[in-house]
Every structure is written in C-alpha cells, then in structure tokens.
C-alpha cells in the first residue's frame, strides 16, 4: 500500500467536492489510480484528456507512483 | 507664370536652409520644378526617390501644378 | 524573464517597466480581456483557477524558450486568477527586442504556448445563468455544469 | 480609430484607455523605442520630424484599412516628433479585437504601413558626433551630413 496526496483543480475539484485528499492505494501508476477514482467520484473526463503532475512536474502516462507522492490530475487547460 | 508655395522637411529643409518659400515658375509639373530646384540648391536626392504632395494629398509624378498650389516634396520616410 | 500568477488586478504599466532596455527598439504587448461573449453565448463573468506552482514553472520555461528563440532583451508575463468581470485583464505579456519582427513573433509565441501548456482553467458564467469549464466538454463543445440554453 | 502626431511624450496608459470594448478579448500593442544602436553604430539620440497634416491623413487612412481588414473593435496610434533620447517612445500602436490572431495581425499591419507610408523622418545623432537622415542616402546606407566614423 502507498500513501498518496492528491490535489484537485477546476472541474475535477468540483466533481470531487474537495480540493485535496490523502489516500492509500495499491495502484502502481497514476493512470490506473485515476480510473479507480473516476468510477468512485463520477469524473466526466477520460484519462486520455488529462495530464498528470507528480511532485510538481508533468509526467508521461502511465506515470508510476511511489509512496508519499503528490499528484495533480490536470484537466484540459484554458488560460488566456 | 505660376506662383507656388513650397514646404521643405527633413533633409530637403536642411539642404534648402528654409522651411518654406513662395516662388514663381514656368514649370508645368512638380517633377520638372524639383529638377530645377535640385540644380539651384544642390538637393542630393534624385526625383525618383521622392514623392510629392499637392494641397495636402499625395499625387503621382509628374504631378501637374496650378497657380497657387502648395507643394511638399517628400523624402524617403522613416517613421517608427 | 518571469511569468507569475496574480490574484490581484494586473497593472500593465508596472509590468512594462521591467522591459526597459537601452538596446530595445521594439516592445510588443498582448493583453487578454474578459469579453462579453464566447461561441455565440453571452458571458457574464469568468473564473480563473491555476495550479500555481506548476503554472509558474511551466510559464517560466516558455519565457526562457521565447528568449532563446527570438533573441529577446526582456520579457514578462502575468496571468490573473479569481473571479473576473467583463473588461478585466486576464493575462498580460510583454517583450522587448531590438527589432519589431522578433518582438511580435515572441509575444505571440508566448501567449500561444501559455494558453496551450500552463495549468490554468477557465469557467464561463453565462448571462442566462449556466456555467461551463472551457475545453473540458466530454460531449459537444462545453463541459456544462448545467446545460446553457441554446439561445443565450 | 485615430492616428495623431504628438510633440509631447506619449502616455501609453491614456492611449490604451480608448481601446476598451466589451466584446474585445484581445489587445495587442506595439511601442517603438529609441535604441542605442543602428546598423552597427552607437546612437546618442534621434530627431523626428513630420509633415503633420498629411501624416495624420495618411495615418488615419491606414487605421481605417486595418479596421476593415481585421474586423477591429478599436484602434489608436500616435507618433512622437521632436528630439528623443535613448529609451523614449517614438511610436505607440494599440488595437482591440475579439480574438488574438486579428489583434496581432492588425497591430503589425499598422506599424508596417505607418513606417512605409507616413511622412515622418528620422535623423540619427551618433555617439561619435555625426548625424544622418535615415533612408535618405544617395550612396551607401546613409545620407550623412558628415560621414560617421567606421568604428563607432
């Protein structure tokens, strides 16, 4: 089991109803974790429309995770 | 004979030593007039590097002139 | 050559001051403003949210790329977060270069890359009452929280 | 949609105020600054002179062309005349449009056309003491009043 810290922004924050959470998971990568969370929380965006950042940096999917990592799932951006 | 009013700017003003003058001429167009003035005052720019404005509007060469016209010979511009 | 996220209104003049450089002959700026419509819908206001830490990292990476690619003498950019009204400035980009060609090209490169890469999100609030996170649709054009009426 | 000649220093913020428009999502500006070098020579200052009446007529014609060509919501430009020091603003152009593509394109169109068509002249004063009316050379690159030294 790994302990992971997740921050949610924008549409994911609203759909999750929280800005962040700490959870324990058996998932080995961020992609698998997102797909679990998507079922639980009803996130509308499929994983292939997201990017992921781990410990403050973008990482390519499937993005292996380690105990203590800080994850942010990044919905399609829309600055400007 | 026509009476014409000429304004000089930039390099032509400096080479003429005046900002404007009124003169009488037998020239029928601005191109011929410039070539006369060029000889008298030693203007370095040939007529084909100038444009001319008559009564506040650009006119294509040779630019016929009439009594009382206001002429400006326009050296290559360099705004910005 | 800095990009930053600001929760306060952007002051373009104080931003522009950092661009001064004696070898600079050209300064190009871009401002993104909240406009009163999008894709045919009347917009009442916009909310911007950022993952600030990564936004600043990625934004500064873009500034560095632009500086190298276009031989800039100075560059700065700032993106607003929070709830903005029509006419408010959402983003400001300014660059200085010796000549205008690179200045325009760099300014455009920066705003294009900021929009494409930096983790900032925009929620439109429509005059008709609905709202939507832009680019987050899973069907149609919008990921509407509530479906916007067709004639708004 | 106005172009004007100014003998006073340009105040960009007061210029920019005229660009405000509720449908505008993009504002692009260009500023031309007096830089400390040109074509390899160290520049001390610049003198700008205009045939103001025709400059404003032709400048406004350019603004109208840009407004039509790029569907601008607002546009303004001002060109300074007089003796300017390094870092001073010689020209300011600002446009507002719904989207950034037309805003950048229009801003660039305006400055390109202003430089090409408007009767404004520039005399460079070099650090080495010579001076030259730009673009008025009859041989070589400059119409020097006094030949600038080669190594300045």
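Here the chain labels run A, B, C and D in written order, and each chain numbers its own residues starting at 1.
The rule we apply is simple: a contact is a pair of C-beta atoms (placed from the backbone, for glycine too) under 8 Å apart; a residue touches a chain by one contact, two chains touch by 3 or more.
Quick caveat, the model's predicted, so the values are computed rather than measured.
Here the chain-to-chain distance from chain A to chain D, counted in touching steps, is 2. A separation of 26 Å divides the Cα centre of chain C from that of chain D. In this assembly, the C-alpha centroid of chain A lies 74 Å from the C-alpha centroid of chain B.
For the pair chain B and chain D, the distance between mean C-alpha positions equals 25 Å. Residue positions of chain D touching 2 or more other chains: 32, 100, 111. Contacts with at least two other chains are made by residues 80 of chain A. Chains touching one another form the pairs A-C, B-D, C-D. Those residues of chain C that touch chain A in the shared complex are 32, 48-51, 53-55, 57-58, 79, 90-91, 111, 114-123, 133-136, 138, 143, 145. On the side of chain B, the complex with chain D involves touching residues 7, 9-11, 13-14, 44-46, 49, 53, 56-58, 72, 74-80. For chain C in complex with chain D, the residues that touch the partner chain are 12-13, 16, 20, 22-37, 86-87, 96, 98, 100, 103-104, 107-108, 111.
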